[in-house]
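For clarity, chains are labelled A, B, C and D in written order, and residue numbers in each chain start from 1.
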């Protein structure tokens, strides 16, 4: 497979949903270090809502991504749900009306997402957020010359490295910001969610 | 000494006040078994108020007892303070304008007190209250043929016996009534206060 | 002891001082005595006076209901302790308008005795008094022994009705009659989840397991009917409503006023969750809610728990219930 | 978890149902959606709409202020969680009277982002919106970074002023201008003695020693400035007032509105004990109290603690503050 069709994207969301379920406790734990500990519950609920929403009936990638974003926003009762929603709307706009997605398109989607989040919330890379895993992965996709599976293998690794790098960062946004210097040393929960999204896509592709 | 003058009575109240201070913890403990545990604090405050009140300036036994009763009522934030107040008003009325008190007069004072309490609150002997130590002591005084000191020695003993007898009784009044059968087995705090009043008078007389 | 207070012994007097600082146009201390609160606004000439008294620690009960269409005066005791007969007497005397004074208070030992004495003292000065004791708590004695029952949040309805009747310039006998009529149609019961701490004592009024609730608890921590494993809000409401309606049967078509009262430490959200089930419970038996109060009306400081009061309505009671009441702590202007 | 609730996941929706059962003449769910509450009574034609949104668990904040002279609508999230942008958008659309909609809400990450998105959606449908974020908590950031400050009970003053201005039929620009003017003159700060428990999480939001208080705590349990050994009420008030007046200096002759707000688990007595010291504190520096609110206005469920808000008054603000407000949870009819 070298391009993702609407059906693949829907299946990827199902995979992301089960990954979030599997990692609920880990996310709760990470978010408890310098947050309110709801991240696992929120992500699990948010992505499960997508696969139960009317997004699944859309017959166009852009529309699917937009209503999937709305579903996450509706169902996930915490900030990252809103941030993912903002990102999905921004990414979908960047994609426009497209029938299939290759690695570079996917990279553009994620970069568009990150840019929308940065524009709307004022966050930047290196501020210990989901951006720190998403942006390196998006860039890796955009620059990739490899096939789809290998491109996503690289992106997954880039996301993982970005996530690990958040350990050294000081939180500036959200509740974690209250902890200031004390937030240093802990891996960011949101960046972990970013990594898990790429892990899900890579594992989905492996099984095709 | 075979009669108590106003000055003696004032000194007796000082003695009662110090007895209540000394027995504060005991009274708190007894009242905690089937009540709210404030009896020690309440009695200590109530009788201390008497010796700091303008009752001490009265030059007539009846007036002294009446305003001492008011002082107890004002300063002791619990039921027994009010009951003692009712008793003291009733007892003082019974005494009328009298210059000196002998054992029989004292007995009449206490019986008048008890009757006022029974009339106003509907309580009767054997209902596990202060009446159970006061009434036997009052009767002992009224029937006594001995001198003042010995009469009060007997009254003190009668009060003590009456107090001990409350162990077997079931509470009908105040908070203890909520405990019903469970109140059996514990000595009543109010009856203990009655005994302590007679103990104070007896000890005062011994030192004269 | 997690309280925001100064010296425990100043708790009551500083509370009253704070209230007087805040509402000098509405309340005043008679002759500067912080234990005797009376209205500072204009009271109708020749009106029957409605007064009460009781311990501190129950705000808005007692003194929070002093104001237009409610109470004329209140004697304030220490935490959970009756004020003295002498304070009550001075308060009665200060409130008398010549039309008689109705002492309307909760049925508690100390308050009963002190009001008895205060009324005797008043009598000696030719002040006409009447006494009515509120006994709305169905959990505190059987129906046969109704007179032994203690008071809980139903007090507020008693003052509302009596206060309105007095403000309508009815004579004292009629004020007393309508008040007694209301009390016959009034029942309450509550549950407590946590104790509270009397500042001077410094320790909890009772102890209760983490997964238990005390059903039928009094507002000073008096034991209730039974300690039960924690129930859901709906179960709790049903237990209370069953007991209330067993005591005072309600039939389809009856109209009631409902109060869901928080004891101090229970969030307003939970009171509305309870009201939701009260509403459904009454709907199931065809009873119509004429009026409702949901909030904190009679508390035990920081105690967690709630009580339900039901006043069975008729056309006469409606008139008095709807009448304007306005105190710094209570108004029906937004009901 | 000592709560009177049913299933934890139903906490917010059952609260709203209870509120709708109780006040059907005042509030309604837009299209039956329990997350979108709007006024059910008559709203003046052509009036600017004032709306808000935020998580549950803060009653009377947020939805308790929907009513005459205050808010027109409120989007309701789960406990301590923002409602979605889509709910906000529907709420804005449902409240619009053609004169524009002012979104006036607390400065919290989730709410900010969702209101931004909701206003974009509104813009696409040609609904004019403006946004003002309330940042009254002096403990949450320095004066230089005032925009980063979160909101606490000062929200109520913001709605009071904006709601009055809108009800006086001022155009949206003027409503926004007077609201911003009020916010410039508004400061708050609080302390917490105990955490609260989010029903779904089932465990306390933070932990704190038995003899400690968290100074500067936010209403979701956000850390404050420091954890201190417990202070007396007077010391606590002085710490808060010092910090507030350092941020917004007050001078002899200034007039202020004061709110002493309970966080949910603190008895009203304690709030009056605190008010007593606020009064003395202001008297010492010659500042006059023009108006006061003492009670529970913005809570964190059963959290024990309190906050003080100070609004520096001028003649313009007085007019808006005194204007009639009447919601099922709030009225100034008895102040």
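General remarks:
Keep in mind that, in the parts below, a residue touches a chain if its C-beta (ideal position, glycine included) is under 8 Å from a C-beta of that chain, and two chains touch if they have at least 3 such contacts.
Just so you know, these numbers come straight off a predicted model, no measurement behind them.
Considering every other chain in turn, none proves to be in contact with both subunit A and subunit B.
Of all chains, the one whose CA centroid is most distant from that of subunit D is B. If you average the Cα atoms of subunit A and of subunit C, the two centres end up 56 Å apart.
The geometric centre of subunit A is 33 Å away from that of subunit D, both derived from CA atoms. Per-chain CA centroids place subunit C at a distance of 30 Å from subunit D. Chain contacts here run in a simple line, from one end chain through to the other with no loop closing. Chain pairs recorded as touching, per the definition above, are A-D, B-C, C-D.
Taken in their complex, subunit C has these residues touching subunit B: 55, 77-82, 84-87, 109-110, 112-114, 116-117, 200-201, 205, 220-223.
Residues 36-38, 41, 70, 73-74, 77-79, 82-83, 85-86, 89, 120-121, 173-175, 178-179 of subunit A are the ones touching subunit D in the complex. Contact residues on subunit D toward subunit C in their complex (touch as defined above): 2-7, 11, 14-15, 17-19, 21-22, 56-57, 59-60, 64, 67, 191, 193-194, 210, 230, 232-234, 236, 264-276, 279, 292, 294, 296, 299, 301-302, 304-306, 326-331, 333-335.
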